[in-house]
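One chain, chain A, links the two complexes that follow: it is found with chain B in the first and with chain C in the second.
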Partner chain A sequence: MTGPDLRRIGDIAALVRAGGVSPVDLVQGCLDQIESRPRVNAFIIVLGDRAMDEAATAEHEIRAGRWRGPLHGIPVAVKDLIDVAGTRTTSGSAVPSTEAAEDAPLVRRLRNAGAIVIGKTNLHEFAFGTTSEESAFGPVRNPLDETRSAGGSSGGSAAALAAGMCFAAVGTDTGGSIRIPSAACGTVGLKPTYAEIPMAGVVPLSTSFDHAGPMTRGVADAALLLAVMKGASHAAMPQPPRRLVLGVPGPLFCDRVEDDVAAMLARVRGALEDAGHAVLDVEIENARWTADVYLHVMLPEASAWHAPLLERHASSYSPGVRLRLEMGRYVLAEDYLRAQALRRALGAGVDRALDGCDALLLPALPMGAPPLGAATVEIAGRTEPVRGAMLRLTQLFNMTGHPSIALPGGAGRDGLPRGLQLVGRRRATGRLLAVAAAVERQISGGPGSVGGGTG
Partner chain B sequence: MTGPDLRRIGDIAALVRAGGVSPVDLVQGCLDQIESRPRVNAFIIVLGDRAMDEAATAEHEIRAGRWRGPLHGIPVAVKDLIDVAGTRTTSGSAVPSTEAAEDAPLVRRLRNAGAIVIGKTNLHEFAFGTTSEESAFGPVRNPLDETRSAGGSSGGSAAALAAGMCFAAVGTDTGGSIRIPSAACGTVGLKPTYAEIPMAGVVPLSTSFDHAGPMTRGVADAALLLAVMKGASHAAMPQPPRRLVLGVPGPLFCDRVEDDVAAMLARVRGALEDAGHAVLDVEIENARWTADVYLHVMLPEASAWHAPLLERHASSYSPGVRLRLEMGRYVLAEDYLRAQALRRALGAGVDRALDGCDALLLPALPMGAPPLGAATVEIAGRTEPVRGAMLRLTQLFNMTGHPSIALPGGAGRDGLPRGLQLVGRRRATGRLLAVAAAVERQISGGPGSVGGGTG
Partner chain C sequence: MTSRIDTWLAAAVADAERRGLPELKPLLEALARSTEALRAAEAELRDRTGPGAPQAGAGA
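Showing the complex of A and B:
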């Protein structure tokens, strides 16, 4: 028998329920962290008083035996792209926004399970970028190294989590916006299967690719939050096979990464093999189309949604976001539709790569967190735009809808985290989480583990 | 007690089952009709020998007590846009096509119910037109007046039916291609709710708008074929209310029709009111967007699908079809996506117009069958292109997915039929059919009936 694991929400929530820890102290601890790290700039709005009131109410309810659910009293941060009643959904933009009258359904479900929304996190404007630098509220800084990006677009959510400003966060992911900042900040981020979590009350970027998902400190927490946000009665994580079979997609994925990422992958692969798991080389067919297909669908979907706003408020957008939105206006419908058709072929390619595997194993990012302000990055001898590099390993699974999770894979020589990614079968997010939990155990603890200190 | 009604497939099939009529005679009768009217040009392929063999088999099976279903021994014609195993799906085009290895699922269901496919009907090339004049196999001619169009794109199916060359036909309808030729030929044509009948094995025109459906001599037959093609165990036609409430959409629909169509509508309306039904004036909100939204979705979807064929076989297309396909290549994705969004608003507009009504009542065509070769038509003092005029009253319900049925409304002063249209609630095609059957009774028989001779 071991004591409670205070890195796990499940154990903390049990303590809260038993009266061993007060929600007031949890919320106060988070608010103290937020106050102590203003340069991280993780939050656009901190709901301090409201969260403290809710914590006091939660404490009272729990004492009175009125336990509301598995998140009762747990402070959660919500990306400011998502409606929280009584706050403006700014989307990180200077474009005028209005106060939400209602919680987005996914937020309502978190609240119904007892969660306390501690604030709304900063992001890359309108979720349209990977560094969280272009925000009307200033850039998010990586709490592990404030000269670096926290990744994006859900950079504030990952930074808040990594800096202990919340126990879990909600992000959105259109091309990697949950997994990229999770990798950059050394946390866990889950993009579920497409449409698994309702997107009502979330400002769209590209409705074909948008996913909401949990950002947490561990895989078990991600499973818990997913269950709540999808409206399930409990977290489904079926027992994985004792001997996992993982497929590593080489071409276009693992062969174009920075040395520290290659080394991380090799360490993890070795540890998994040493523990008796099988790691195979696989290929994802047609993956070379990925970036093209992504742009031809994503850009015009974003432009179409933003067109009326752009007409009235063009100068309120960040220049980079505005440029990309203007570019989207020139995509032809025929190219959009052809890309949508190719997308189905890409999905079949991922399905075939998964054939005979429990999950795909690859990096989440080809590098560590880039320096703030960097326009390009050199990876494996090639200079490429930061934006393209950061999306390169994640965006395919937005297009195909496969569930995908980022988890810390260990530190690089710079001491900063490098992120691992696992990809599962569509509509089998629970199975992916079970595999991820097994891989997480292999990396972070027990004999033969390879991960460790990323802070 | 009355005897069997030989205009109804149900009654004919019962006679066949009882041995009172042989499928061989039914098929022979249809083949004789086809042979006697070659100028109608209703068929691209007549499956004479095969159909006669199947009829002999059916006769044998029925005698042996092996009844296969409600269409056993009934000759049915299939639009040559739909796969029938062992025949080329020409789509009415000179563009090279291949022999289908399998029946489309909707054809398989017809066969499983016992139907005999007598042939594949002529059509407007690739279903991309409303007159069935542009076909590599020559124009379809209206059997009621061979100088006139049979409508389109399912012109061959309607012509075959009106000329007694089959007992029922299958058509497809992207902007009206079932209802338009039904109106032009004085038959019944049903466009079900979107996605009610599977579209696999059917050459697409615009996947957002494409529907397959039955073309028949009466409403009961349409209900029977719908049930079979959708895979239902029986035709669901709930009893309609004794006092129907029908909504007539005036602006942009009934106010821009030729005098004979206005007179038909007035006669039908009067007869329904005399019989105690209520007929209200309603308005469909935002209906002025209809043609714009239609083109911005349909053109690029068609172009995207045809692009690889156009690259290799441009000169094999009819000039008009090719021109429209080339036009579609210039539509912007943003306009496509905006049109898709407006489409949802149009759907809500139709829903509101239906509020408190059992169905909408309007003409299917603003005029009768146009002369072959006519480029424009004058309606209510305005000259408009034939194509636009023919689509004008039907295309909205392809975009919104509401079930819609064309039925003969009586003859104009030229002796040619004018078509009525009824529109029901989405996913309530059975209720629409029940209302249509009541309206059909009112028009074609019984006291106060208004219809009659269209042949």
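Showing the complex of A and C:
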């Protein structure tokens, strides 16, 4: 008989409700972890006293039988790109920011379900980067190896989760910013269907591509948080088919990855096939256009939002972020519209690849967490910029809006995690989560599983 | 009429230098290469699918 997994919200929330675990102890435990790992630099703002007060209130409410919901008493971290009442939304920037008068709707929903916001996490400035190094509050360090990046832009959220500083976190994802740090830190990150979670009260990067989503330690927790954040009454995760059919998009997605990632994918594929699931090779048509289409939508949308701030506070931006935003001001309107039109063809290509499949299976990152400060990485004998490499496998699904989730696929020879990615059909996030839960069980559970494997 | 990329690039680099941002030049050159690829993709799609192919402005 196995006991409850006290890393997972589903298990611990039941104990909290039954009075077996105190929310005060949960919050104090998270605060202790934050204090013990200052170099990780996961948080910009720690709401210690406020969180402890809320935990004491939660404890009284639960004792009195006033259970507020499935997150009652659970410490949650929020990316500092999202409004939390009474705190400044810094976006990881020295550009002047204001104090939020009210919670973003997604934060309000978390609180209504009983969550305690323990703090606001560090990020790549204005979510415009993949390493969480360019932050006015210093770089986020990967808690599994402090010489490595935690990924980004939601690097603080993934690092906080991996280091036990919270039980769940909220991130945003414009080109991979939930899935990339999840892969780098060995956690689960869900980019839901486009517009499934309200983006009010979230500083935008590119409104066509921006998504908010949960970051957790398991797929069931991601389903729980998604339900809360979208305002649903319960987590909708239908039973997956007994025999999954997964499509592996080889060209451009699995053929330019480091050896440890290729080995991880082969192990997972083999384990799924051994368990009776079908894994097919598929192709995503036109995928080679991805980076060019992405650039011509994301850059001008980001620059348009930042234009007034760039006029007044240019010197307050990190130099790299400022230059990328300035570059976006030169994209011609005709090319922005061309790129928006080409998105349809890319979306149709993903739909066709998913035809007959329950989900696509591919890596989330072509490598493990890169060293802090690295400008380039060598992958499969080719040197490429870190930013482009980290976005390469995730950004397509921001453009097409398909739901997508990163989950740990096992460790490389360096002991650091390698991330898997599953992509579901349009507007079928619940179904994707069900498939992901089945794959997660296959990877991490029982004899013959592959979760602990090394390169 | 479609804007010529070389004309656009020269104007963009000159404007960036006038604004005191000469370090933008390599980024703008990379953007120009990407724009060239984007337009080639549009032409390829139009050739493949005929006049009903997505037109600029069709949205997504």
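Throughout what follows, the second predicted complex is superposed on the first by the 449 of 455 C-alpha atoms of A that agree within 3 Å, B and C clash if a C-alpha of one lies under 4 Å from a C-alpha of the other, contacts with A are read in each partner's own complex, and residues count from 1 in each chain.
Everything that follows uses one rule, which is that a residue touches a chain if its C-beta (ideal position, glycine included) is under 8 Å from a C-beta of that chain, and two chains touch if they have at least 3 such contacts.
Quantities reported herein were computed from a predicted structural model and do not represent experimental measurements.
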Have a look at where A:Leu342 lands relative to chain B and chain C in the superposition and call it first, second, both or neither. second
Contacts of A:Glu334 with chain B and chain C, given as first, second, both or neither: both
Touch check for A:Ser303: first (chain B), second (chain C), both, or neither? first
Just checking: does A:Gly176 make contact with chain B only, chain C only, both, or neither of them? Give me first, second, both or neither. neither
Kindly classify A:Leu295 by the partners it touches after superposition: chain B alone (first), chain C alone (second), both, or neither? second
Touching A:Ser208 in the superposition: chain B (first), chain C (second), both, neither? second
Touched chain A residues, chain B compared with chain C: C
Doubly contacted residues of chain A, that is, touched by chain B and again by chain C: 296, 299, 330-332, 334-335, 337-338, 341
Which part of chain C faces chain A closely enough to touch in the complex? 2-3, 8, 12, 15-16, 21, 23-24, 27-28, 31, 34-35, 37-39, 41-42, 45, 54-60
So, in the complex, the side of chain A touching chain C is made of residues 208, 286, 289, 291-293, 295-296, 299, 323-324, 326-327, 330-332, 334-335, 337-345, 347, 399
Tell me, which parts of chain B touch chain A in their complex? 296, 299-301, 303-304, 307, 328-338, 341
